[in-house]
Amino acid sequence: MTMAEAVARFVPDGATVAMGAGLEALIPFAAGHELIRQRRRDLELVGPISDALFDQLIGAGCVRRVTAAWLGNVSEGLGHCYRRACEHGVPRSLEVHDHSNFSISLALWAAAWNVPSLPTRTLLGSDIVRTNLDLAEADGLVHVSAVRPDVAIVHAQRADEHGRAHLWGPLGITEEAGLAAERVIVTCEQLVDAGVTLSDPNRILFPETKVVAVVHEPGGAHPSPVQGFFKRDHAFYRDYAQRSRSVEGFEGWLREWVLATPDRTTYLERIDADALRVKQPRPSAPADFGVE
Amino acid sequence: MTMAEAVARFVPDGATVAMGAGLEALIPFAAGHELIRQRRRDLELVGPISDALFDQLIGAGCVRRVTAAWLGNVSEGLGHCYRRACEHGVPRSLEVHDHSNFSISLALWAAAWNVPSLPTRTLLGSDIVRTNLDLAEADGLVHVSAVRPDVAIVHAQRADEHGRAHLWGPLGITEEAGLAAERVIVTCEQLVDAGVTLSDPNRILFPETKVVAVVHEPGGAHPSPVQGFFKRDHAFYRDYAQRSRSVEGFEGWLREWVLATPDRTTYLERIDADALRVKQPRPSAPADFGVE
Amino acid sequence: MMVAVASREIRDGDLVFVGMRLPILAYAVARNSHAPTARGLFEVGLMRDQPASGFLGTMGDPPNVAGALWATRMSNAMALMARGDVDLGFIGGAEVDRFGNLNTSYVGDPARPQVKLPGSGGGADIAILSRRWVTLMSHERRRLVERVSYVTSPGHGDGTPGWRRGRGLLGGGPVAIITTLAVLRFPEDGGEAFLASVHPGHSVEEVREHTGWELRVAEGAGETPTPTEAELAAIRRFDPEGFWTRGQSA
Amino acid sequence: MMVAVASREIRDGDLVFVGMRLPILAYAVARNSHAPTARGLFEVGLMRDQPASGFLGTMGDPPNVAGALWATRMSNAMALMARGDVDLGFIGGAEVDRFGNLNTSYVGDPARPQVKLPGSGGGADIAILSRRWVTLMSHERRRLVERVSYVTSPGHGDGTPGWRRGRGLLGGGPVAIITTLAVLRFPEDGGEAFLASVHPGHSVEEVREHTGWELRVAEGAGETPTPTEAELAAIRRFDPEGFWTRGQSA
């Protein structure tokens, strides 16, 4: 399926969308940019931290609410579009449901296990409990209400056409985001035969019954890193941080990299992808799934 | 470390011990038999189901309490020692904390996350909530109290001497058992170099900070299966089921296979290990952890 | 017979929570006949499409892992069921009552049981969380009882309509009891089991005689269709030595 | 300077919850000098012994994964901390007050903020759950304030002794504020930060002038020891282009 089709079919206006669940790695930027190009509106974004992607969606006016622990630019600091939306309602006002990293994970596990909330010792004594009504203190614990994404968008190293995705490296909250969501869109570096994915069912992160679309989108996580495929493009993040300081700068950036860039193939032609590509393989030792 | 030393040092009388967390596969029978030989007493056993191992420990008089969802012999049916202990106090009476498979998992996640209990929709309407005081119904949910093992004993396909264990196949409740436990004893088919385990950090199931002993014990899960290494020995389970129907039969079995068998090496000489060994490799496709 | 009948409860496209023993065979039969896109979920932490190609003594046996669609933690398999994603579950039992409640825990006082049974395993979870479920049972008067003394896995509770909804149970409960003699079914909204069909070679009277309560017979209750050649072939393929079907007519 | 000083908070054998930016360097320095058996835990879902051999823009960068001792879910890293297994955490902050409370969320009314800061990330989790923690901060009057208007990551609360225990917070709270000018420390059982040492080239008066409350000075407060050659060499090795230490004296 193409990215345009996956986004058009499975991410309607108003949807609650989990993205960037792997924290700084495997961020589905290509999918996010397609949401912007399709002028999606009133989204609720769910994630742990977001390294620039949520900032871009907010700046483009796609977002009504953010449910997250941190939002900015990890190597550069503040998220300027996020600031403008919260402080001045530009381009539109934004509802913020603050979490910590642990509590947003628990909110997704609550949804995955279909319970109204899960208890935790974290956030005791924090004002986050006071300002986020999805959190409540009782009996010396904080009760974290379930967060149920309509869709989780996940970038994977490889997947097969049936939706079996292999991800590796640190997983952040990717697994619970997928299990909590009604449906999962997988974007991937490599589209592989089922023989590859099924050779290692332990590395399949969520069941194919959740996955509604597999989009073969190499480089779809740039500028975030993809273990074994791409290094992080630090300079790209820096450039975005600088240009997004002003509305005009952001709009110029958005035009250049998203609106006037029809798809990921065109996008990749504009960066020095080869310099970022990982070239020295470092394969894992195989596990033997033998039977006889 | 030898099995005898690991058990002597890290599993005292009265300990709460999680074993067989992988359900029917990777059951640490060799460790269980060493517990019997060392005449460990007053143990609390924790597990989802137990395919014969818990029955043997109960018959040998090691056990004070069982916290589990099912206890018997999966392919053969009832656990005869378990029945004698519950029905007649032979060889000693037994306290039973009944769970379902889901609730025992949640009890361990509660301990892993250090909360008093976790809520769930399962067990509503079941008498298990009435008879196990670790479960309580409130607000339309069942609250499952944390179960905190002193030690989890886990059989792995391979591990290095630093405690990094690779397990594959279905995991049951192994991960939460390890995270909930104060400490973990790993027994393994292969003792490998750190280069093997660290080549795939995603397959390392719990942090080395939890692992206090690594015992190289090939065949240590017989008669249970080990993906890539051993098939399940169905006939052995059948023989145990038949002989354990009477106290005398069980004691004969115990003498033959445990008390008069000093260690796993001797044990393996008495079975047709070669017939059970997996010979056709079925390796997983490697994941590339490349950086540059 | 039980296996073939059980396999017919599986609809194409179903996600089936497969227990051990006969249900594994029933799944294999269905997947190879009328339900080619069903998937099986195993509490050990596996999802499959094709049944395992080798004999399984347990769901954790290596042939069940090779070719699996997902090898994961049990809690993840349970998570799918807790969200209502599991269409059908199978549960074995030692005792079932007229309202479909199962006892696999204690005969007699739990504090001093006459018989200690193995326990719930995933049975209670399936009974409460799957959309619909079926139990397989040897048809004996001591197994099909008026009321179980201990409810391990709740069926339709005390038999009042809507009992499950009222108690907050997620799934719809038992739809059938498949025995060695007959198929018993339940009304749509719960209540009491009734005789739906009798296996060939057995009679309504025989069934009632071996049932521990005054069994109602559905209008139009007839004979259970015999296993087809395809069903029998699949059973022989997945249980070549009769390990699971020993002593039973298929 | 801040990196070297921060690295000294790490004791050998510690499990350190490493944040981003300077703490990653501090961990690398400690591991290569006085704490060769420390381990680092990263909320993204990683545990390491040796620091990554390449430059890290974030903790999720490929060099941090290669050679990791564990690559897992964030909730598993948090689980270790929730059980008290994390000895030391690092938290960055925009504002800290005299009792060590951090604000990384809102300046002004949260409903209509003057400044929206990025938020907690794992900061609140570390502040509440790790055994002890340290914050690193540029020493400015607007950052070291009398009371933060919003407590993202609780320190010693309102400064009354035992405030954390009373509120049920698991860990012991902040032990130090390491700034560009000085090291501030806290009494054993909580309370108010005091000046413990001043970095070379700066004075007590300068520090007090840039602090937003009447800063108490510890008896015997002296000069912070300068970075050793080994510390400087490690900093240069892990941040060769000065990405993280730019504009700061080491």
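Note that the chains take the letters A, B, C and D in the order they are written out, and that residue 1 is the start of every chain.
We adopt the following convention: contacts are C-beta pairs under 8 Å (C-beta built on N, C-alpha and C of every residue); 3 or more make two chains touch, one makes a residue touch a chain.
This one's a predicted model, so the numbers in the text were calculated from it and none came from an experiment.
**Student:** Please state, in steps, how far chain D lies from chain C along the shortest route of touching chains.
**Tutor:** 2
**Student:** Select the chain at the greatest separation from chain A, using centres from the mean of Cα atoms.
**Tutor:** Result for the farthest chain: C.
**Student:** CA centre of chain B versus CA centre of chain D: separation in Å?
**Tutor:** Using C-alpha averages as centres, the distance is 40 Å.
**Student:** Taking the mean of the CA coordinates per chain, how far is chain A from chain D in Å?
**Tutor:** Spacing between the chain centres: roughly 27 Å.
**Student:** Scan chain C for residues touching two or more other chains and write them down.
**Tutor:** Each of 46, 62, 65-66, 68, 71-72, 75, 78, 82, 170 in chain C touches at least two other chains.
**Student:** If a residue has to touch 2 or more other chains to count, which residues of chain A qualify?
**Tutor:** 113-115, 120-121, 141, 168-169, 171, 175, 202, 227-228, 231, 278, 282, 289-292
**Student:** Looking only at which chains touch which, which shape fits best: line, ring, star, complete or other?
**Tutor:** Basically it's none of the tidy shapes, so other.
**Student:** On the basis of the stated criterion, which chains touch which? Give every pair.
**Tutor:** All chain pairs meeting the touch criterion are A-B, A-C, A-D, B-C, B-D.
**Student:** Which of the residues in chain A come into contact with chain D in the complex?
**Tutor:** 22-25, 48-49, 51, 68-72, 74-75, 77-79, 82-83, 86-87, 96, 98-103, 105-106, 109, 120-128, 131, 140-141, 168-176, 224-225, 227-228, 231-232, 234, 237, 278, 282
**Student:** Note which residues of chain A are touching chain B in the complex, please.
**Tutor:** 113-121, 141, 157, 166, 168-169, 171, 192, 196, 199-200, 202-203, 227-229, 231, 278-292
**Student:** Spell out the residues on chain D that touch chain B in their complex, using ranges where they run on.
**Tutor:** Checking each residue of chain D against chain B gives 15, 39, 46-47, 54, 62-63, 65-72, 75-76, 78-80, 82-85, 170.
**Student:** What residues of chain C sit close enough to touch chain B in their complex?
**Tutor:** It is residues 20, 42-46, 57-62, 65-66, 68, 71-75, 78, 82, 105, 110, 113-125, 127-129, 150-154, 157, 164, 167-170, 243 of chain C that touch chain B.
**Student:** Which chain A residues qualify as touching chain C in the complex?
**Tutor:** Residues 112-115, 164, 175, 179, 198, 201-202, 204, 206-209, 289-292.
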